[in-house]
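Structures incoming, each one as structure tokens.
You will see chain A twice below: alongside chain B first, and alongside chain C after that.
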Partner chain A sequence: MVFFFAIPNLYMLFISFMQVGGYGGVVYHVTLSNYGLLFHWIEFKVIADSLLFALLVTLFCLGVGYPFAYIIATAPPRKKIVLLFLVIVPFWTSSLIRTFAMMFLIGTEGFINSVLLSLHLIHQPLDMLYTLGATYVGQFYSMLPYMILPLYASLQGIMDHPEYMEAARDLGAGARKTFWRVVAPLSIPGIATGSLLVFIPTLGTFFIPLLMGGGGVVLVGNFIENQFLAADNWPFGAAASALVIAITLLLIGFGSRYMNNAFLEEGK
Partner chain B sequence: MPDKVMIGLHNVVKNFANSQAIREFSMEIYQGEFVTLLGASGSGKTTILRMIAGFEQVSQGRVTIDGVDVTAVPANLRPVNSVFQNYALFPHMNVFDNVAFGLRIKKVPEKEIRERVRNALGMVGLEDFSTRRIRQLSGGQQQRVAIVRAIINQPKVLLLDEPLSALDLKLRKEMQLELKRLHRELGITFLYVTHDQEEAMSMSNRIGVLANGELLQYASPEELYATPVSPAVAGFVGETNLIDGVVVDVTKGYTIVQTPFFLTKTPVDEEHGIGDSVVLSVRPEAVRLGSFGDAALCRGIVAERIFGGSLVRIWVRVAESLTIQCVGHGFQSHDFAIGEEVDVLWDPNHSLAFSQTIKAPPSRLPGSAGALGSNGSDGP
Partner chain C sequence: MASLAAPPRAARKERAPQWTRQAIIVAVLGFLYVPILVLIIFSFNTSYLSALWTGFTFHWYRVLLQEPVLLHSLGVSVEVAIIQTIISTILGTLGGIALHRYNFWGKKALVYFLYIPIVIPEIVMAVALLIYFPHVGVPLGVPAMVIGQTTFTIPYVVLVVRASMAGFDTTLEEASRDLGASELQTLWRVTIPVILPGIVVGALLSFSQSFDDFTTSFFVDGSGNTPLPVQIYGMLRHGVNPSVNALSTVIVAATLIIVLTGQRAQRRRAQRG
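What follows is the complex of A and B.
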């Protein structure tokens, strides 16, 4: 842990307070100017865009993942195994390869356009790839299982204690009120865990905007990558990384208050 | 007791995937009664309760509550409330919100809710606990909150599914008294499910004894104890000695029974013909030990003696296949030592004879499987 995690991160933190050399490289003079630069409006916009992107992807995943997780948790055993299998299958392939597969699907000469063209539903290929929309779809697709699994675990825990739902029914609540007043609040740990698992990688993502957005979409991950690999400005990239890590830690600290499963401790 | 039927079960059948849990079950519970369903686990008592609450659908038959057929009414629209075995208090709410849940669903004004919740919590001495989280409460306090959460809705019937099974003995006794008090004060019909015969006896107006999804007997605790209809009920309601015998004569209101070890008589309470096989049932407290000369029914050797404070239990081995259990007050029985030879005697009027349909299990000493006079609280 110390070697692989702490040392690289501390080194980055250290670099973020240094100056960049005239031809790249790092000059060991302490400065805060890298952080000051982050608040220039272009860089600030990249960070704000990234936060919005991560937030919306998280909400999409939650909106689609919750009903799906609910269906799995309430499915009969055999169907449950099939559905869980479908959620886990994507983990067998690298997400990079799955992103390429999606590019093939929605590309100008891709599968969807070919089918639509041959059916004469459209006369020109649709511009789907290399758009912001494609970036959203790609990120949503690659993150969805990370939302579904914790939600499923949480909902399954509630289904395994049917007495809570029975108590709500017994006290006069119909199916809808039982869900909103008992099931949904009890599943907050799953919502918090799933949302963090989606939000954090999405905030730092760089290859999906690069591949699906075609360079037109620049998020903070791409920005950091550019500073390190293209602009050769390590201190500036390190400062941006430090900011992303700070945001992440803040969110984890906030989210972990809702993540404990103390909700289901009682009743046993 | 007013004779208005509050709960009616009419030929109720419940089939599960590959078994019949309840067969042709009929029962009536009057308004204001405290009725207990007593049975071992798997006897179907909880299934009956869940069918009345609406958590299980009946496969056949009808359920009525206060004269209304509720067979097809969903659980949330039935005028009953439940106290669950594990309380099922909502862990994400505090005590107040738990108790207020039912009233909020009914859209009672918030001001009235505050008033009613405070009064209800006051009834069980928890008025200062309304902002506590559920996990900050002790088992007994959770139990009280669960009861208050149910009764605040003024149900026509309160259904209680082994509500005290998670509490220790002392707290259980306390809660039994508290439940009796609430029943008296509220006048609500209570339907209680337990496997603990002592609990059933001490709280109920009437007890329904269940086995294998059938109602064996439905009567007051006194009646059940004095005149059980079968060896199974006799064994379930308290402890008893069961002795096989054959009817040799019927005369002057008594059935004369010959057992392998002695000749005795028992009051006639059902028709037995000469030559019928019967099972004699004698409660341990009816058995007397001592030196009775010719009056003695049989002689045996004290095989085991357990001192239990106010009561002493003694097992007398009469023969390899017959051990008789006797319960007496400590000061009367203290002078029988293990290995001592004693006479055994009981008043014939305190014995019963059942027509023998199933062979009674042979008497055994405590600790061995199927100890004689199996007592309901041995259940799970």
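What follows is the complex of A and C.
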């Protein structure tokens, strides 16, 4: 039994080492120059932009997702099931299709422009798609359920134990104080899990900037894709890729201390 | 603690004003659903270019059925998803059971390790596979996509199955063994039927992850094996056309069915647990 389990995982372990092996195999001699190149201005800017992008998207998701998750967790049971279901459906829906839906909505010949034009509120279509802003909206749209669900799981766990909040009230804390001193700190595992589930994929996103940023937005995912499929500089792409892995592992290592593993294991 | 014999108090709700709650619900759900609903509605629109309503038609669905390229892609996607789901469900289930049942050195590290393929940016994994496959003789195309996707679907199945094992009454297995069943019989006749809802959820998750997979497939699909998401991506790059709306609507409908099935399986699991 252990073997059945061990084989695919060893395989995975193997693969994860092959990233480095494959990289060395292409160059045929060991060099650090690819990593050095990453610190050149343009590449460095791509990485810094990606980190900023991922950070802001995560904060937006947290800002919108937290109140919403809170509302679900405190809703009456029947309403809770409906709300939860409505978050799970987009969570499962292909993000490519959801990205397309957003493109269709905000495109030059898209729904919003068509409506505004026909109402004569504008005379020229607004340039919403193919901008950095559109990329933010697209990524935010794609990731929001990934923030809401772990936050909900965590908040629901707190709501299942009303005695904490009652104790705070009995000790004279108001609703606001109870929230900030009791509920918010207890929900840190949910915040950590949700933030990682949003930040890490956003850091590596590549088709959303391509489709919604219209080529003007280049994040590290696009950079990697470009090195592999267009520029044919595999070692350079692999170095960027390794950097992303390093950041990811660092964040997981740091975040796992606060993370709520139960969320993933519940299988949504 | 309950010495005062106070009646069990229901969770007191935080009294955010009711209208604020409603406004947030409407705003968030609106944001999540309006794009999808608009997309679906306009898949029935007669006009080719305009995103203004000109009349109802099934035309774009008929166009879809007459696209050999799309049908081929659908075939590739289904093929990959089915093979992939079978492999990851079997291996993931066995892994999940083993992980629950046995304690071994490095188990904790292994569980931690399982999360990595789930959270790591897919593109990183995809390029690693692209480099790696030629070295081990895996041809790009269906086999590469199947293997590539199982790297992130097996962990899902393992975690879901392991979670359903947590609510599993191990005395059932003991009883089965006491009655003379072999290890394999016990697994097949007792353990698996009990955790079946969890396995179903894992399999559905695995199937939908595979069917929707764009990034991994994009890198390792080789030529002539374009799966549906990669095909859709290609169509999107050449501009929007209503048959993409129709295709998306079909996929959203399929997703909805999968989610409903999954929810039902999960509810059954909750009832048993």
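Heads up, the rule we're going with is that the second predicted complex is superposed on the first by the 231 of 268 C-alpha atoms of A that agree within 3 Å, B and C clash if a C-alpha of one lies under 4 Å from a C-alpha of the other, contacts with A are read in each partner's own complex, and residues count from 1 in each chain.
Here is the rule we use: a residue touches a chain if its C-beta (ideal position, glycine included) is under 8 Å from a C-beta of that chain, and two chains touch if they have at least 3 such contacts.
Note that the coordinates shown come from a computational prediction; the quantities given were computed from them, not determined experimentally.
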Discussion item. Once chain A of both complexes is superposed, is A:80 in touch with chain B (first), chain C (second), both, or neither?
Written reply: neither
Discussion item. For A:166 in the superposed arrangement: first (chain B), second (chain C), both or neither?
Written reply: both
Discussion item. In the overlaid three-chain picture, which partner chain does A:98 touch, first (chain B) or second (chain C), both, or neither?
Written reply: second
Practice prompt. Check whether A:186 is in contact with chain B, with chain C, with both or with neither, and answer first, second, both or neither.
Written response: first
Discussion item. So in the superposed three-chain picture, is A:177 touching just chain B, just chain C, both, or none of them (first/second/both/neither)?
Written reply: first
Discussion item. Applying the document's definition of touch, where does A:144 land relative to chain B and chain C: first, second, both, or neither?
Written reply: second
Worksheet entry | chain A residues touched - chain C or chain B, whichever exceeds | C
Worksheet item: Following superposition on chain A, which residues of chain A contact chain B and also contact chain C?
Response: 163, 166, 169, 178, 264-268
Discussion item. For a test of understanding, state which residues of chain B touch chain A in their complex under the given definition.
Written reply: 53-55, 74-77, 80-82, 84-92, 101-102, 105-106, 134-135, 142, 149-150, 153
Worksheet item: In the complex formed with chain A, which residues of chain C make contact?
Response: 1, 9-16, 21, 24-25, 28-29, 31-36, 38-39, 42, 49-52, 91, 94-95, 97-99, 101-102, 104, 110, 112-125, 127-132, 135, 150-151, 154, 156, 158-160, 162-164, 166, 198, 201-202, 205, 208, 211-212, 214-215, 218-219, 229, 232-233, 236-237, 240, 244-245, 248, 251-252, 255-256, 258-259, 262-263, 266
Worksheet item: For chain A, which residues count as touching chain B in their complex?
Response: 161, 163-164, 166-174, 177-178, 181-182, 185-186, 188, 262-268
Worksheet item: In their shared complex, at which residues does chain A touch chain C?
Response: 1-2, 4-5, 7-9, 11-13, 15-16, 18-19, 21-23, 25-26, 64, 67-68, 70-71, 74, 83, 85-90, 92-98, 100-105, 107, 109-111, 113-115, 118, 141, 144-145, 159, 162-163, 165-166, 169, 175, 178-179, 183, 196-197, 200-201, 203-207, 210-211, 221, 224-225, 228-229, 234, 237-238, 241, 244-245, 248-249, 252, 256, 261, 264-268
